[in-house]
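You will see chain A twice below: alongside chain B first, and alongside chain C after that.
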Partner chain A sequence: MERLISMNIFKFEFKYLYKQIIIWTISLSSIFIIFSAMFPAYHDNKDAVAQMFATYPPEVLKALGIDINIIFSFNGFYSFILTYILLLAVIMSLYLSISVFAREKKNKTSDFLLVKPISRQKIFLTKLAASGLSLIIINLLYLMISLTMFDFLNGINKNDFILIFSSLFIVEIIFFAMGIFLSIMLPKIKNIGNITTGVGFIFFIIGMVAGILDQEWLNYLTPFKYFDSSYILKHHALDSKYIILSIVIISYLLSFSYISYLKRDIDQVS
Partner chain B sequence: MNIIKYELKRHLKSFIFWALGISLLSVYGMLEYSGINQTGVAMNELMAAFPKIVLVIFGMSGFDITELIGYYGVLFIYIEIMMAIFALNHGYNTTALEINDKTSEFIYTKPVARGYVTLMKMLASMFYIILFVLISYASVIIGIKLNNLNNNVENILLLFHFSLLLIGLLFFSLGSFFGAINEKKGTLIGNLILLFSYIVGIFYDIIEHNQIIRLLSPLKYFDLVKIINEKNISIIYIVITIVLILVMLTASNIIMKYKNLE
Partner chain C sequence: MDIIKINKLTKYYGKVKGIENLDLTIKEGEIFGFIGPNGAGKSTTIRTLLSLIFPTSGSATIFGKDTVKYYKEILQDVGYLPSEVFYYDNMRAGELLDYAASFYQGDFSNRINELAKILDLDLTKKIDELSYGNRKKVGIIQGLLHRPKLIILDEPTGGLDPLMQQKFFSIIEEERKNGATILFSSHILSEVQRICDRVAIIKDGHIIKIETVKDMIKNNYKKIVIEFTSALDANNFDLLGITNPKIDNKILSFVYRGNINDLMAKLSHYQLTDVHITEPDLEEIFMHYYGTVD
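The block that comes next holds the complex of A and B.
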């Protein structure tokens, strides 16, 4: 362990990260809990909608892919609110990785860190370990809290619920890797908050617009659309095409960032 | 004048990207509308059956998407968010940028007053915000004309873009105010306000338009559904917004004047 990461840097990074862990866990969980509180009111609509659908020929409903029992289950509800939980989670992942990897670039302190007798390889891996660990901790806490809520609301089919959660987690990792990539590749980083919300919202907007315009090809452009929850609820699995795509993107971003972190010229303090 | 020229040149490149983005969104959106138009009626019936929360989550609550203006309203929410991000960034540029870049000693030692520098920077940014609004308006009109859609909606579009201008200036002044107070944490606060007001806006739609919640969410000060239905903008919120803008811009100018620069 000590050969790969430097404990001193790890401790230093984690001192900043633990506050973020607390803040993000609270905000993710509270938005989930507030939305879930609306589930009973949502569920009350079931009979009215079922009556209306009874007038439709079953073929139409089948063509539209609508199954009332699925839509009005807790998982169906969760798949709707996931859009916004995803937005928050993506901004969180970007912020976690950018704030760790761009700190030296933003404060113009790269030469202080890089003249330490620690290889760049070790620095990169340490930063990756510290921020990655925080991402995992936040997600575990969120999973625990949301599962408690799930049981409380008498949700059925825990497997699907966990599958939807894992799709959320994969998308988070994509953006986490993208944050690392951006922090290393951008020539100048003035402001972490701006980059984070900018990138997060732009991909979110592409996703929402893709939904409104109903264009399949736009889905490939934004990880927000990679794992359609209705697909998960129907097939009880993640779409393997997009799993492969995600793995390719993540490994490309990480390896490219790693190589360029080892080689790039560092910015000097003038 | 030199400062304005310099600032305009400096932010031109990023502005071109934004302008391309919004004009593509508007023109392409209008193109797609002609497709949706035909199948829309059945779709509307189906959507009316769904619980309100579903429509809110798709950002379609209250809009009649078979109508051109309702459809554009759904897209317009995202133009508003883009404007807010753009304006926050510009607000930050007017105050905190030079301090963080450590170039404050170059610009603030020029033989002009410090307040004048800030004012000129603000004017340059406001010019881009106005240009953003104009480009958005022009591109939606072009989109309508290109696809031969009926266009007796110009008045409502003007109201939409007036509210876009106010939202832009509001987030611009938020950005510059928080940037002036704290150049390190300032934009983070501004961005959190944007995220917060977007999410609060969803709750505002779900909980049947509660006025206290509305005050918390600047994005909902100019409720697009209300603009479509009533064909005017609520005067109270125009006044609130303008007062907020003026107070924050004056405050950030004064803070900058007395700020201790190193």
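The block that comes next holds the complex of A and C.
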């Protein structure tokens, strides 16, 4: 471990990351808990809710991810709120990777770090380890908390729930890798919040448009549409073509970022 | 031993020339100066040596090792003091310096405290709250705490008051006495004059001249001011080697590049009130290079 990553950088990054872990775990879990707490009341009043949905134009329901046929089961309900949990999770993933990989760019401390006797490989891998570990910790905690709630709302297919969670995690990794890519390729990083929210929303909106227009090719443009919950609930599996696509995208983003980081000229800042 | 050896080093930023075919050798124990205007290529050269940027062609070695291949090993013994200092948010000076020290083999806390004492820096203060000069001090300590064999200084004294500058130079001299080699880039010529042994003048990405500071000052100009008893004499005085003559009634001042004996011989034919002969400072020599080489 010592040879691949640098413990002093790892500890340094974690000093900033542990707060992120707490904030994001609470945020994601809270949304899930609040929505889940609403589910019993929502389920008990499903006729009234169904009537309300009937007044919406079908395009709007599609854009919002509402499928009348499944939305009244817990998994169906969850897959609806998942779009929004996913948006938060995507912004979180971008934030985690950008805050770590763009730290020197933002603070103008590249000259400080890169003149130390440490290879750029090691710096990259250490940052990847620190931010990646944070992503994993948050997701594990979120999974634990949501499974606890799940037991609380019994009678629902746990395996499907875990599959849906896995799809969430895969999409997070795509955006996590995208965050690394953006950190290295963008010439300036001033406000990380703006970038993460902007990028997250752009892909989210493409997803909404894809939902409205119902054109399958549009789904390829946004990871928000790679793992449709109704597909998962129907087939009890993730769509393999999107798994492959995700792997390809993640591999490309990570390799390109890694090579760029190694070869990049660090220009003087003022 | 050659501490730094630069061989036909070239760096283009796209189409823009940074440096071209730079050749330079810096020996162990030297204090070597780089002078030149902004954009001349001083920072480009330094950043290439430090592997912050990569050469377009040519190469450089530090301690006999190629800078691109062995930067990790080389940087163990290199200290870099950049012109602008930036730090991470929310850190105390001591924390940042401990973090910097953690990259090097050894325990340098005594050295950090020693330098902080000399420079009068409170290590418990948050860097965000420090003045520019105090942040510069953090930069100085950060570059020197591991007792590097090669110290690269890029405009290091900006923001320091004269007393601190004095202390800074004595620290540098002390490092040199301990065997360090120093590369000092500056556009403040009095500083270069003060501590450097040799100087390279850089302009437009090329080294125009490399000279010892002593020779530069000695071989080139004398500033001469002669007060004649007659204004006519002042107006008519001429000799090969005189440049930039200025006449103010009976007083003729000029810069003299010729044989001092010829000047003395000619002056002996005149009635003079006063003569002043002064060494030019590096500023004026510098102007000479920029004036004539274009």
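Side notes on the structure shown:
One rule holds in what follows: the second predicted complex is superposed on the first by the 241 of 270 C-alpha atoms of A that agree within 3 Å, B and C clash if a C-alpha of one lies under 4 Å from a C-alpha of the other, contacts with A are read in each partner's own complex, and residues count from 1 in each chain.
Here is the rule we go by: contacts are C-beta pairs under 8 Å (C-beta built on N, C-alpha and C of every residue); 3 or more make two chains touch, one makes a residue touch a chain.
Here the structure is a predicted model, which is why all the values come from computation and not from measurement.
With chain A as the common reference, chain B sits beside chain C without any clash. When the shared chain is aligned, chain C comes close enough to touch A:115, but chain B does not.
In the superposition on chain A, contact is made by A:193 with chain B only, not with chain C. When the two structures are aligned on the shared chain, A:42 is found in touch with chain B, with no touch to chain C. In the superposed model, A:209 makes contact with chain B only, not with chain C. Of the two partner chains placed by the overlay, only chain B lies in contact with A:88; chain C stays clear of it. Looking at the shared chain after the overlay, A:8 reaches chain C, while chain B stays out of its contact range.
Set against each other, chain B and chain C differ in how many residues of chain A they touch, and the higher count belongs to B.
Put simply, chain B and chain C get as close as 8 Å, counting only Cα atoms, in the superposed view. Chain A residues 108 lie at the interface with chain B in one structure and with chain C in the other. By the touch criterion given at the top, residues 25, 28-29, 32, 36, 46, 49-51, 53-54, 57-59, 74-75, 78, 81-82, 85, 88-89, 92, 97, 100-102, 187-188, 190-192, 194-195, 199, 202-203, 206 of chain B touch chain A in their complex.
Looking at the complex, you find that chain A touches chain C at residues 8, 12, 103, 107-112, 114-119, 263, 265-270. Those residues of chain C that touch chain A in the shared complex are 13, 43, 47, 50-54, 71-76, 78, 80, 82, 84, 86-89, 99-100, 102-104, 142.
Those residues of chain A that touch chain B in the complex are listed here as 31, 34, 38, 41-42, 45, 48-49, 52-53, 64, 80-81, 83-84, 88, 91, 108, 190-194, 196-198, 201-202, 205, 208-209, 211-215.
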